[in-house]
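Take a look at the structure set out below.
Chain lettering (A, B, C and D) follows the sequence in which the chains are written, and residue indices restart at 1 in each chain.
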Amino acid sequence: MSDAHMPPAHPFDDDKLREECGVFGLIGSADAANFVALGLHALQHRGQEAGGIVSYEPSQGFNSARRFGYVRDNFTSQSLMQTLPGSLAIGHVRYSTSGSKGPTQIRDVQPFFGEFSMGGAAIAHNGNITNADALRRELIERGSIFQSSSDSECIIHLMARSLQRDIPSRMEDALRRVEGAFSVVAMTRTKLIGVRDPLGVRPLVLGRVGDAWALASETCALDIIGAEYVREIEPGEMVVINEKDGVQSHRPFRPQRPRFCIFEHVYFSRPDSIIGSRSVYETRRQIGVELAKEAPVDADLVCPVPDSGTPAAIGFAHQSGIPYGMGIVRNQYMGRTFIEPTEQIRNMGVRLKLNVNRALIEGKRVILVDDSVVRGTTSRKIKEMILDAGAAEVHFRIASPPTAWPCFYGVDTPQREKLLAATMSEDEMREHLQVDSLRFISLDGLYRAVGEAKGRDAASPQYCDACFSGEYPVEPSDQIEKGFQLKTAAE
Amino acid sequence: MSDAHMPPAHPFDDDKLREECGVFGLIGSADAANFVALGLHALQHRGQEAGGIVSYEPSQGFNSARRFGYVRDNFTSQSLMQTLPGSLAIGHVRYSTSGSKGPTQIRDVQPFFGEFSMGGAAIAHNGNITNADALRRELIERGSIFQSSSDSECIIHLMARSLQRDIPSRMEDALRRVEGAFSVVAMTRTKLIGVRDPLGVRPLVLGRVGDAWALASETCALDIIGAEYVREIEPGEMVVINEKDGVQSHRPFRPQRPRFCIFEHVYFSRPDSIIGSRSVYETRRQIGVELAKEAPVDADLVCPVPDSGTPAAIGFAHQSGIPYGMGIVRNQYMGRTFIEPTEQIRNMGVRLKLNVNRALIEGKRVILVDDSVVRGTTSRKIKEMILDAGAAEVHFRIASPPTAWPCFYGVDTPQREKLLAATMSEDEMREHLQVDSLRFISLDGLYRAVGEAKGRDAASPQYCDACFSGEYPVEPSDQIEKGFQLKTAAE
Amino acid sequence: MSDAHMPPAHPFDDDKLREECGVFGLIGSADAANFVALGLHALQHRGQEAGGIVSYEPSQGFNSARRFGYVRDNFTSQSLMQTLPGSLAIGHVRYSTSGSKGPTQIRDVQPFFGEFSMGGAAIAHNGNITNADALRRELIERGSIFQSSSDSECIIHLMARSLQRDIPSRMEDALRRVEGAFSVVAMTRTKLIGVRDPLGVRPLVLGRVGDAWALASETCALDIIGAEYVREIEPGEMVVINEKDGVQSHRPFRPQRPRFCIFEHVYFSRPDSIIGSRSVYETRRQIGVELAKEAPVDADLVCPVPDSGTPAAIGFAHQSGIPYGMGIVRNQYMGRTFIEPTEQIRNMGVRLKLNVNRALIEGKRVILVDDSVVRGTTSRKIKEMILDAGAAEVHFRIASPPTAWPCFYGVDTPQREKLLAATMSEDEMREHLQVDSLRFISLDGLYRAVGEAKGRDAASPQYCDACFSGEYPVEPSDQIEKGFQLKTAAE
Amino acid sequence: MSDAHMPPAHPFDDDKLREECGVFGLIGSADAANFVALGLHALQHRGQEAGGIVSYEPSQGFNSARRFGYVRDNFTSQSLMQTLPGSLAIGHVRYSTSGSKGPTQIRDVQPFFGEFSMGGAAIAHNGNITNADALRRELIERGSIFQSSSDSECIIHLMARSLQRDIPSRMEDALRRVEGAFSVVAMTRTKLIGVRDPLGVRPLVLGRVGDAWALASETCALDIIGAEYVREIEPGEMVVINEKDGVQSHRPFRPQRPRFCIFEHVYFSRPDSIIGSRSVYETRRQIGVELAKEAPVDADLVCPVPDSGTPAAIGFAHQSGIPYGMGIVRNQYMGRTFIEPTEQIRNMGVRLKLNVNRALIEGKRVILVDDSVVRGTTSRKIKEMILDAGAAEVHFRIASPPTAWPCFYGVDTPQREKLLAATMSEDEMREHLQVDSLRFISLDGLYRAVGEAKGRDAASPQYCDACFSGEYPVEPSDQIEKGFQLKTAAE
């Protein structure tokens, strides 16, 4: 069922893969919801469509607020934040899933809440459940009423039907039925809970500020509240935290070799976050270094496609010795789509966000460093703007391998046939984009940049790189049922 | 769990009993939702806090819009109404239940929707389920997740767990488990369904406009869409209407003697509605006539307390021969509470709504005719305003018997100890209000006014009059569990 | 110049004449703006489109808030009212003038403010300046910049150009240049000022509450703040009030015989207001009495057209002995226009506001008492509804003489050719409305009802009755220039 | 007078000087207002508080819309833009002036409009009138009513009082009375007008797109609409453009040596704009080069303070050979102030906008390159964050000379005593900021970077550099009257 609601415009480039969610939770400090608001603000790049916070305070029970739009525009109001008291709170920011029909409803916005006979629980989920359709059918058949179109709601219904007597055990029961990628932050009346799936596809970190504990998708959200980064939640680990006993670790799943999402390094995570013990910024700079080694070119200027191409461009310029310069300038005030004036403006959509620094570009051989090519539509427009400004040559260098497969683990990707790299070779793409050269970093080069000195272990890859390799560590069963074709031996 | 939301101010007198809901449904005409919006507008007096509409259109499925505030302020927008296409729609207007803690949430606003394995269904409910707490506990124990604090949600969960293969049969299953008062309007993808509980406590009528069928709480909602009043849905009847076969009648419950709510005649229903074949206006005028016979008084002016006391005052004036006049004038622009100026204003709250027509009142012996006395707070303030304006005497005549018991069948009543008549005799009330005389119509007088020539049949009353008599036709089991004391033999 | 703004829908009958403004001011009590908000709420019937308040507090200077919509929806917010501190404030509610093209702008909303060399002043004006176009042209020629399309703004520009050294004297200068009808409430940093034009066409009254003084369009606005009604400001009088010296009276104009607007008695003022020493309600009841004498008819029911026809209907019923009854019921929740469902509804606009009490009407000969007939569109629809409900006969009795001329003194009237009575005789109107009989009260009858025992003094009428008689006490010079034809000797 | 309005939060650093306005106008293409909206969007960095557009269309006259907030949030709505038809439009974006008491009112938002006897005109002004107080006093004395607190309104009142018969001539009359800095874009019913003050302090450029002409504060606003940059409007020039005759140039003022604002190069203008024939980006990069020559330091990392320090940091790194890196990362989702959680967070305000890239900073000797130091509050917080992250040394290099004097020509500067450089020497500032070294570029170095090979001509400076030198090319007479002390010979 769809509820009447005006969808927010997407302010950002739809020619990117997009992380679909960020999660944050805190226990042990008064006004926990204010910390959560700050944490979600720092995670806003992981989901701009909507956000929600649930808090618990003994005399007032659970309270919740869910809003469309940015965290800064909603969860900064005194009157709203006063409705979210207590020293325990969790929150969520989200994107819509590309597959869903129609606009997101407010009831699709997490955290989800369920009242069980032993008390209530709220959960927020980053990731995607690959057997959600089958689970939903089964649950409806047995009498569950779904309130949202979100796959994540399955978890709370599975918990409701568990026969365990306490909520963490019910959550273990539920998550054992679930396939796919998930980093979950949840809360009961007294506990903050964090879980990562056995492969650890999506990130989740633990922090400490004063006597309080925090869980967050990325370390940048710990920084904003002044919390110290303690460690990652490990793949397959469940931590249960209460104010008295602190952090207790459980291992509800059968151990497997981890497969962290390598694209978090390339694009999703903020450059000031730390993954494991590696700086995301440094990894991206190193990708630029590798790229300059793998695909050098004689040119006058290394120019990042802002802002995500910047660290790799710095690395490329440093390694190649070619001067680095801001040939493209970003408008800080991006937003809704303007109405096109009668007189057609070429590339108007791109001009709202980017402008070429003509005086710098004119007459130069320019290397454009971008993080990825998805549909290729933006790359083509940028190339045209650069040529219009009088560049002598345009060379694209891409800080990730060709994106040839959709992600089913919590990332918004177009259908496979819309991915440029799914239907074209590197050379065909160069032809299509009409640039002087186009090179992607190799999969091995990427692995080296993230610290795997020997590159990718083809027999047992160290990361989930399905979007590049087509090798899916968890079978996307709902998608296969809908007709998705796995990679064949021939490919 | 409570969701952050600013509660709307109640523009109306909180010294009245309040009907909690109105329902409306229509099948068989394009843009059914527009008819529903009109019908709900005509039923706005039955619930001013919020309203919702669900419609169904084959290519777009079920659509829903739920909003706080008046129907006229929400369901008049072209952009909203376009999201509710189709030739089948139902709607609901509601008040908050006094018993609930905290403000109403948007998720408490009906119609409720459930997706079953054989398709979706939406329901809107007027009434109250007296065993809802017990049902909810049982359903949660078995794994249902409730999304609202509304008792009505039990129905949709009971339907989800029914083993019947079609939705009307699941609804029968569900309603047989439910105790209390209910008039339900529901819809599937192809059917409009109406049901009244076996006692027929709350109203529900059937109308026809062109090829379309309508269900409504009152006939005034048929008038506004130009529909013809066909008949009442009978107590214990379920009608299932589809476009092809028209109205089919079922009898899912064990037959019982009907007990329609007599207070619908006294106050809840609009004076231009017809109940059975009686005009509500005429009944109220007749109450005034009976009252003038039962409790005459020598005076100069019969003055209604606007607007609900008007028909009885007209009847009282006609019967007594004492001139009728508008001694109290109502401000049409009532609304939110104003900020009190520093200098205290006596009876400011009342003055926002009512003003005394001093020139008419001065020096006169005034009979004030009001529909009921609940807490007595407003009666007291009105009396003071009348005396301040120079009235020589003030006589209250009340068009209902003393309200001494709470209603548990879908009416918002204060706790018993807050009811003036629960703790005082008529004489003590007169003393408390400090008026020259105070008389209520007798229970028999009221029955005569609604057409029962011999008055009330004490052995087997023709109506539900629990608020006056303390005789509850359905045991309020949830309330008893919470400590409510039924009337004892001694009372 | 027009500023982008969505015009509010007019919730009320556009088949009525409409007062265009109400004014209120208070000096001498902390938080004067809160009193003003209450006063404007009581005057809301005089203007529903927008309202404004200006206050003065020594440390913060003048503050202002102007808003579209009802007083209750704007000036009840703590955050807004805190921006209007001080013990001196004035306010205004307004309608748009029918003649203006396009929607009202917020800058057209009064009070208007001007900064002069000796300090600021704010004014609020009820009435209409009949030489405003000429004044505006002259002022623009001399270099004044108008910020609104309102005629009232001329006053503040004339004040700015006066050579007087104090603001009250500048206001005298300005108002001596102005022709037409005006009741002005104004304020400086220390004074509250009230003025009525020499004919006293529009009302203005003085009240007292504690140590504070209030000025208001009607006494009902004194009642709501608990103020005592002191007296009317007299025609041609200017009162200047400060906290220390109280009320000082000036006579800036050449004395003339007063010509108060008789339509204030008929319709504009609230029935609970007092004009001079006469109750408006009692006058209207008396009109009904006169009407029953002048135009009796044999019938079964006297039914008011709610709500404005009610007092006259009570008087008619009392005088004629025919029973009084509510044959038409008003929906209290009127508002914006609903979207018409596909299937056409007859008289939908009227049904949103009124419904017929079919059970009372059926088979009866009905006398409908209404306050006035302007375009006749609503009268016709009401007649149809009454006949559809089965009335045997319909007789209209109108509590004012035929409205045959537009008002140019602050009342929203259609152009002359749109007035039914401008083009038809009483008999032709009866024919046009297709009713069994139609009678208006005579002009003499109306004068008798307002207390002029000998009726109208044709040589020197006691009231302004231009809308009935075509005799304009102030020449409407702007209108004549635009082509308006005064009454000829032949008419 | 102040009108009740909630001030928008300033999302940006209040430790910067801020340009107060941007202007844009277009003639000769249908839907000119849509172009203006795009142009203002590109100029949003020049004023974020509010924006306004006026358009003219023969059949509908002048239309206007003024809104608080970003252009992208207001002037992108179809319903709003449809109210602004026509092929001629102008617009304005603005900041509040720091000197004004209280929040900006919507009536302070430009363009301003005046109706003259020969027709209307609208004007938008970038700059500041240094004799506005005196002009305003004189105009009020003579009977003008000001509607805003804006200095710019003087221009329209002076025009209203001119005896010239056409609007351009009236504008010449008015501007000859005005002292200070102004770039004005104005329109009549048929003409687009652009004027720069005789010194040309503020920028204004001319562009062409198809048959249409555009005027804009910066060339980046021409780029966004695909217009070609034709030339600068020259200091002291007035251009009058109509659809038929194109651009006509006038010289209403006595010629003077130009003094363009040098801070436009340093900070105000966007890096992708061109001033004269110089790229702003290239100038800033060159400042970094000069700075590296003037003030070299042995270090490990050159890190820009984002985003305005970036070009100079690139230049500094290039010249010094020290690696360039993003040690500070900016949060793209800045916005309103969050509520501080109970547990104090150090430097929370800064953390909302910036985060340190700890892995890059740790153990390094860091050169921070910033564009300017105003109050020094942000510099201090950034230094603390860098040290907290483990930097070994912190060296500040500032891309402008010490800002020791307020600007009175349309830039928002704190009072002189709040400027760090007004009260401290460079060495005292280093001490105050507790950094290892602090160096500003010299005034001569800055002049060299903007292309003046011989540096500043002390006898007759080529630019307005009053904020650095204290030498004001136009006497700030209003300020002197309020007590501002000009630089003494001793200083």
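As a convention for this text, a residue touches a chain if its C-beta (ideal position, glycine included) is under 8 Å from a C-beta of that chain, and two chains touch if they have at least 3 such contacts.
These figures come from a predicted structure and were not determined experimentally.
Path length between chain B and chain D in the chain contact graph, taken as the least number of steps between touching chains: 2. If each chain is reduced to the centroid of its CA atoms, chain B and chain C end up 37 Å from each other.
A separation of 50 Å divides the Cα centre of chain A from that of chain B. Pairwise, the chains that make contact are A-B, A-D, B-C, C-D. Remark: chain B residues 1-4, 6, 54, 60-66, 79-80, 83-84, 106-107, 113-117, 120, 122, 137, 140-141, 143-147, 156-157, 160-161 touch chain A in the complex. Within the complex formed with chain D, the residues of chain A that make contact are 29-32, 34-35, 37-38, 41-42, 44-45, 48, 70-73, 75-76, 78, 81, 209-210, 212, 220, 223-226, 270-272, 274, 278-279, 281-282, 285, 307, 310-311, 314, 318, 323-326, 329, 331-343, 345-346, 348, 351-352, 355-360.
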